[in-house]
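Shared chain: chain A. Partners: chain B in the first complex, chain C in the second.
The block that comes next holds the complex of A and B.
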């Protein structure tokens, strides 16, 4: 059982950069041959309105994260040489090899004494990445920069009308230090029997040669993912409440991965939560931001609340590709969490 | 509340937009699953939850790992769907 507890780590700031191009469902009508009825169904049932994507696919998830990180470090007055570790959580690295994180660390000005590595995870990636960052702090590092992000535009089939309209591009940067006085609790899970519910067949070494022209695109079995979510998420909440010795009413905010409006509404109603405790509009506006969806929701919809001088009890929960899922309970007080930044193209 | 009528009414109302001939006349053996896509199934779930909440004054979550399972979905026959919803109401 992967239940973890940490006592020293604290989140000091969260910044998210979103793609610079806004596409509404109506903008995509011709591309996907949507009827008016298709658009009405997607809006009503899944809550989709628009998505923010990169306008220029020379740029990647690492570029989105670097922009977030620069703003975060500048506003928190942290110098790159103070960063002990850089972790990049993504399903869209710059290259299959090597890891992207060392290059990001160098771009940010971190010295060779900074450890840097990638983690390959998507929807659960923020919670998993946070647990690793917290573990490094517990292991005596002082400052860890966690980057979570994906540019799904690089792997979506432009003709896939069931998947492409859902996905946005975003990259977040989160600074963690050793200033906490209160414990944080994590519960983490995985189930590889569902590994092909969401996967890119031609993305690794298992299927190098393929006659399928779509092998390089993400494939999703929506029904399997839906069933998985309904099965595991409610149970996960029971377990994180028990592990953190808290209950649903003592938690101020539930910041969840944002797959669609129905799933979030279902969780909200099962737990009996008011709308104000569980923001659910991220995917509607920005698209599914993968590993950046939880920090993206903080920046998009809880920016004001997370910057107040008042301790908040927060549960973060991610679930999806892998299959992989996890939740954590942390206390948040007055962190730097501005509204999302729009990606600015900078030619090097 | 006549549950069967309520569930027929939900699907029939949605089908006014879908115009799916296979769902024009629903009987116990109607296989809803094979005639619509997963987003339309989600529409039925959402509209049924909403209709039940209006009728019963409480939320009855219907989402279940069986719903979109091609082998075991209660949508494979309308009769099973009625029984499935009745069980959910009874267990909440």
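The block that comes next holds the complex of A and C.
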């Protein structure tokens, strides 16, 4: 059982950069041959309104994260040489090899004494990445920069009308230091029997599916993913409440991965949570941001609340591709969490 | 509220409500002839079965041919 507790780590700031191109559902009408009825159904059932994507696919998830990190470090007055570790959580690395994180660390001006590595996770990536960052702080590092981001535009089949309208591009930066005086609790899980519910065939070294016309594009079995979600998410909440010795009503905010409004409303209903505690608009406005969806929700919809001088009891929970899921309970007080930044193209 | 799956007509009515059908459903209706029976309807049915403690897997929906199949599943271990 992967239940973890940390006593020293604290989140100091969260910044998210979203793609610079805003596409409404209506903008995608011609691309996907949507009828007016299709658009009305997508809005009603899944809550899709628009998505923010990269306008220029020469750019990547690492570029989105670098922009977030620069703003975060500048506003928190942290110098790159103070960063002990850079972790990049993504399913859209710059290259299959090497890891992208060392390059990001160098772009930010971190010295070779900074450790840097990637983690390949999607929807659960923020919670998993946070657990690793917290573990490094517990292991005596002072400052860790966690980057979570994906540019799904790079792996979307442009003809996939069920998946493509859902997905946005975003990259977040989160600074963690050793200043906490209260414990944080994590529960982490995985189940590889569902690994093909959401995957990119022919994208790695196991090439059996390379003749598949979907090779290289994300493939989703929506019913399998939904079935997984309703089975594991409510149980995961029971377990994190018990592990963190808290209860449903004591938690101020539930910040969940944002796959679509239908799933979030279902979770809300099953947990009996009011709308005010569980923001669910991120996917509607920005698109599903994969590993950046939880920090993206903080910046998009809880920016004011997270910057107040009042301690908030928060549960972050991610679930999806892997299959992989996890939740953590943390206390948040007055962190730097501005509204999302729009990606600015800077030619190197 | 957990639903009682004893009454066949009650189950049909609930399926009809879930699918938001414009026409009343009958046991013999083929699922692929119901315009509202789409991928979102399958998610709603999965949720409904699960909420009522009835086991169903996504693959089961490939075997369901008529409304009767949905009803039989609801009655099987509800």
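Going forward, the second predicted complex is superposed on the first by the 345 of 348 C-alpha atoms of A that agree within 3 Å, B and C clash if a C-alpha of one lies under 4 Å from a C-alpha of the other, contacts with A are read in each partner's own complex, and residues count from 1 in each chain.
The working rule: contacts are C-beta pairs under 8 Å (C-beta built on N, C-alpha and C of every residue); 3 or more make two chains touch, one makes a residue touch a chain.
Predicted, not measured: the structure shown is a model, and the values here were computed from it.
Overlap between chain B and chain C is detected when the two structures are superposed via chain A.
For chain A, the partner that touches more of its residues is B, with chain B and chain C as the two candidates.
When the two complexes are overlaid on their common chain A, residue A:336 makes contact with neither chain B nor chain C. By the touch criterion stated above, A:223 is placed in contact with chain B and with chain C alike. By the touch criterion defined above, A:37 reaches chain B but does not reach chain C. By the touch criterion defined above, A:45 lies against chain B and chain C together after alignment on the C-alpha atoms of chain A.
Residues 41, 45, 162, 222-224, 226-227, 230-231, 262, 266 of chain A are contacted both by chain B in one complex and by chain C in the other. Every residue of chain A that touches chain B in the complex is listed here, in rising order: 37, 40-42, 44-46, 162, 222-224, 226-228, 230-231, 262, 266, 269-270.
Put simply, chain C touches chain A in their complex at residues 39-40, 42-43, 46-47, 50, 57-58, 61. Taken together, the chain A residues at the contact with chain C in this complex read 41, 45, 162, 221-224, 226-227, 230-231, 262, 266. The touching residues of chain B, when paired with chain A in their complex, are 17-18, 38-40, 42-43, 45-46, 59, 61, 63-70.
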